[in-house]
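Consider the two complexes below, in which chain A is the common component and chain B and chain C are the respective partners.
Showing the complex of A and B:
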């Protein structure tokens, strides 16, 4: 079924004909919903209980004493009130949004570029590129972070040594983490480095599905490279890119391990918190579970709002 | 390319799941793997309000069990840090416990960085709680106040003479002792004897002389060399300068905590520390107290300050010239440093309290106290302190410990540590900000946090 459909790719969106629509509806049936059951069950068991618990906790005064059995006090919206009037919290939200936007944009552009390179590159360089990307994708976060930390180390780091020896200035004992902007630069390099392979592979897979004949036809009609990308390739791989974009937004908004690790190594934590680390410090660190739950729910809503457009686009594509 | 209906359905589901999972995880207890901050985070002590503990009433002490009836049962002991208690001590405990009670002792070593989180999860749960748990002495007050530990008043009499007093205070809540000292350590100065003799320096006897020596060593050592390796955010060593000048982090006035960093004494200490950082150290402004021996091993520092066990991390080639002395006080003598060490307690949820009490008796037995001392861990029972040896390292450790002080005994102190308040405070001073201004700011923050 898949082969049949994907092979029948129209060059321009064709108006959907009535028989086509009927055929799809018939195929949908109830059977498909049964197939969703396991996924829904896993979601309910794995996420349902914690989510409900979290919602309840966000309306409670829940600290370490409650963890050891003291009855939690219902305080209504107090946690939310405290949160929304906290200037540090808004700082964290703004920083996270900017960080997310920059990282997602860089990751998408670099990832898609790599995919295009893979498509054109001869076999050997392509395989080398693919293997290297697979390796950085497969590398455990903490192992990767340790290597990056050594690279950026102020005294013994390769990066300071290289920059100094290239004559780009005196980077002896330059501290990359002490200024928040520079801290985020390092974090961005690492996060983008870790995310590019996924985007590149997905985009590459989509690119291999772009019909050769359409490209040829475009070329014969005199479309230049940019036009071929804009009017043939991009529309074809757009669904795949949309999904990846959405995942990247979610991942980069809740980035935790990399920031938490870097904060442990250096920098000024209170000036470099993002959503994940701030909630962690609030909850696990200071045992303010009520406040942390309230903030986490806010982040959930924020994520849904940010990705709503893309979810909507996907669902719309579904019902065309 | 169009995705087929099924593919799209699958994708939408996956994405929905990821969205939910993403947010769910990002919430309260997300902890992928991190542990960058842990090592030093935990081994310190607190409590300085002189509550009398000896007046504690005799309460229902865990009763003694005799031998055979306990056979087949197992109790669990959590030791903090993966190597802090030497293996032979653990083996001795396991064997002796089995001989004594017939029951089995299972020892689990919990890394410092995971200790609080795992204790939070396990201690309230009767099925999973360790029966006996070791905990850093800054961490203990956080748990005594919420009823996590068993009242030890009845057992105290059987444990013999124990101290240091500050550790007992750390384990006391509302006049009841819940956690007793396990071992103590102290921070002192490690130095390169060759560097001192090359520069024609003697071991300093006052804090002022110490600064002069450290600055002279830096100047003698050339670019990038530290007279004293003094990382900017290393507050655990840094507060010694506050204590030495008679200052404090926070003091209790009535029932309120008041920040004391901006007191004239504290400011004098911090100013001296700031000058020392600027003049004697090339350590990063955001450096912490982990692995202070690395620059020393690399020949990039003439001195560093660390707990006694740091000695074993100095490379053999450098060990020859390695010396030690306790940080000198303002007018000579020994400066009060930050006391390190652990407390040990019985979980309130333990299902084997009698056996747990037996284990405590073994830990405070003469044999075990001897072994602690011989392994360089300060024994709770002062009778055994002499067994730590009489070389300069043992002497430095013992004299530093005599004057050691602890962090404020507020049950909220753990929040100050996890929010890195002290790290950032010292980092800003190292960055050259005005001491009095920063101190006043942080005092407000401390009062907020410590009063809950």
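Showing the complex of A and C:
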């Protein structure tokens, strides 16, 4: 729900004890349905109905007449046609994809490296690193944004001061948010900083499961560090990394909170929109509900396609 | 010889680990450092890296009427969300774990799929819906969206916990003459306490930190804490009271960090066991 990727981690809990896999379940009766009723009601009102309505709205026109109370007009696929021939929309899509690719790649590489360092470091430094990661993971997204805004602040920011004093040029009053590329650089620093702990912890947990004897055998056979990583370690943590990779892709495609926040404190919105903020501006800002709905459905379908594998893996992993 | 080589290498990795820990924790330190300083210190040409004249003034400036109004709003929405999500998810988890009926697997698939839907993909029509129902800019409207958003994950989380309590325990109690209902509540329910706490904390963290939906369905005069915090930083650059903003961040972050530490281990373990098996 928030971009706080961090807390919204769709994980499966470990069963408290290892239960008998062939659990007997009560058959028959309507008890199960009654118990599901509250959850189904909430999901239907909060997610199901808006979804249906959004599909309908995506085929409708919301113009000036509708602002004065006329019912929305059916226009078939016009919204979709307008959307897919709009260069601004494609600009947003391409920017989001590039932003996502860069951020996911950096997060995965840095996160996995951190996990390897945790594995090799002695106990005390490892715990220090873990506590630091945990602190950063737990930080509410907007609290973290205020810190970063201040660090990058043109006048009182520590980053401008440091760069200037290191003799890397005159950064006095340098504004980091006004240029789109520099805006995305700041956003990338923040998003990667926030996302690394989750990857690091997951990769570390997977690394501790790598069979010790396989590593020893590799060492005896004379495998060097790279070969051990490539042929022993990487294959055994790959399933965990794949799932993390997929979740990161979905999370970094949207990053609404970070982008919206940075736009509000100095970015130029029209040049820095990504998927989430673009839908918001179209819909809430310009009351183009039809177009916004069509675009939102496009994002929805994209997300579901990307996550289908994860849902499938969860179903397979648990005996449902 | 070899032993010595190994310890030096360990020390080297240790040093790298500590250095990275410092870099990553720096923003958190910077918040605390800023919150404890007078505003003049932060506007000086040289930043002060440690709070030399400690002061709690910033907290005094920040604890005003606006803060308490936002705190009340955030607490209301969060508590409603936690209560409803835990109750609905609990009964649903019992249903899918203890009963077998038609549509059970479909329900699980729907829950897992909904969990993947980002708020950005639905918020336009949720905004329109709340407008039509006169729930725009209300506690009820925002709470409704929050409950629906956290429910899928809480159902999934609790299902794992209910599955973990063997049915045989209940059956034994039933043989001894308990009703099924009583057997469940005297035997299984107490064993589920950790699961209920974990899902409650999860719902708390989500609702307390949420930003996106609050931006969409709340008016600027009716702000949850994250929006209040952001409101302090959108004034012109010269006027931002950085110590006050940092004090505000501390107030928003402390309850979250405390709760997060409580449940974190459980959640990470969960993901990995799921992932490795798949």
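The definition used in the following text is that the second predicted complex is superposed on the first by the 246 of 320 C-alpha atoms of A that agree within 3 Å, B and C clash if a C-alpha of one lies under 4 Å from a C-alpha of the other, contacts with A are read in each partner's own complex, and residues count from 1 in each chain.
In this section, a residue touches a chain if its C-beta (ideal position, glycine included) is under 8 Å from a C-beta of that chain, and two chains touch if they have at least 3 such contacts.
Bear in mind the structure is a predicted one, so any value in this text is a computation, not a measurement.
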* Asked: If you count the residues of chain A that each partner touches, which comes out higher, chain B or chain C?
  -> C
* Asked: Taking the superposition as given, does A:39 touch the first partner, chain B, the second, chain C, both, or neither?
  -> both
* Would you sort A:287 into first (chain B), second (chain C), both or neither based on which partner it touches? => first
* Using the touch definition from the top, say if A:178 reaches chain B (first), chain C (second), both or neither. => first
* Based on the superposed arrangement, let me know which partner A:154 touches: chain B (first), chain C (second), both, or neither? => both
* Looking at the overlay, does A:88 come into contact with chain B only (first), chain C only (second), both, or neither? -> neither
* To do: Name the contact category of A:224: first (chain B only), second (chain C only), both, or neither.
  => neither
* Asked: Can A:267 be said to touch chain B (first), chain C (second), both, or neither?
  -> first
* With the two structures laid over each other on chain A, which partner does A:144 touch: chain B (first), chain C (second), both, or neither? -> second
* First (chain B), second (chain C), both or neither: which does A:118 touch? -> second
* **Residues of chain A that lie at the interface with chain B and also at the interface with chain C** => 1-2, 9, 24, 27, 32, 36, 39, 42-43, 46-47, 50-51, 54, 57, 140-142, 145, 154-155, 206, 209, 239-240, 243, 250, 253-254, 256-257, 260-261, 264-266, 275-276, 279-280, 283-284, 289, 292-293, 296-297, 299-300, 303-304, 307, 311, 314-315, 317-318
* Enumerate the contact residues on chain B facing chain A in the complex. => 1-9, 11-13, 15-38, 117, 120, 123-124, 142, 145-148, 223-224, 282, 284-287, 295, 300, 414-415, 418-420, 423-424, 427, 431
* Asked: What residues of chain A sit close enough to touch chain B in their complex?
  -> 1-2, 5-6, 9, 24, 27-28, 32, 36, 39, 42-43, 46-47, 50-51, 54, 57, 64-65, 67-70, 140-142, 145, 154-155, 172-173, 175, 177-178, 206, 209-210, 236-237, 239-240, 243, 246-247, 250-251, 253-254, 256-257, 260-270, 275-276, 279-281, 283-287, 289, 292-293, 296-297, 299-300, 303-304, 307, 311, 314-315, 317-318
* Asked: Hey, which residues of chain A end up touching chain C in the complex?
  -> 1-4, 7-17, 19-20, 23-27, 29-36, 38-40, 42-43, 45-47, 49-51, 53-54, 57, 114, 117-118, 120-122, 124-126, 128-129, 131-151, 153-156, 158, 161, 193, 196-197, 201-202, 205-206, 209, 239-240, 243-244, 250, 253-254, 256-257, 260-261, 264-266, 275-276, 279-280, 282-284, 289, 292-293, 296-297, 299-300, 303-304, 307, 310-311, 313-318, 320
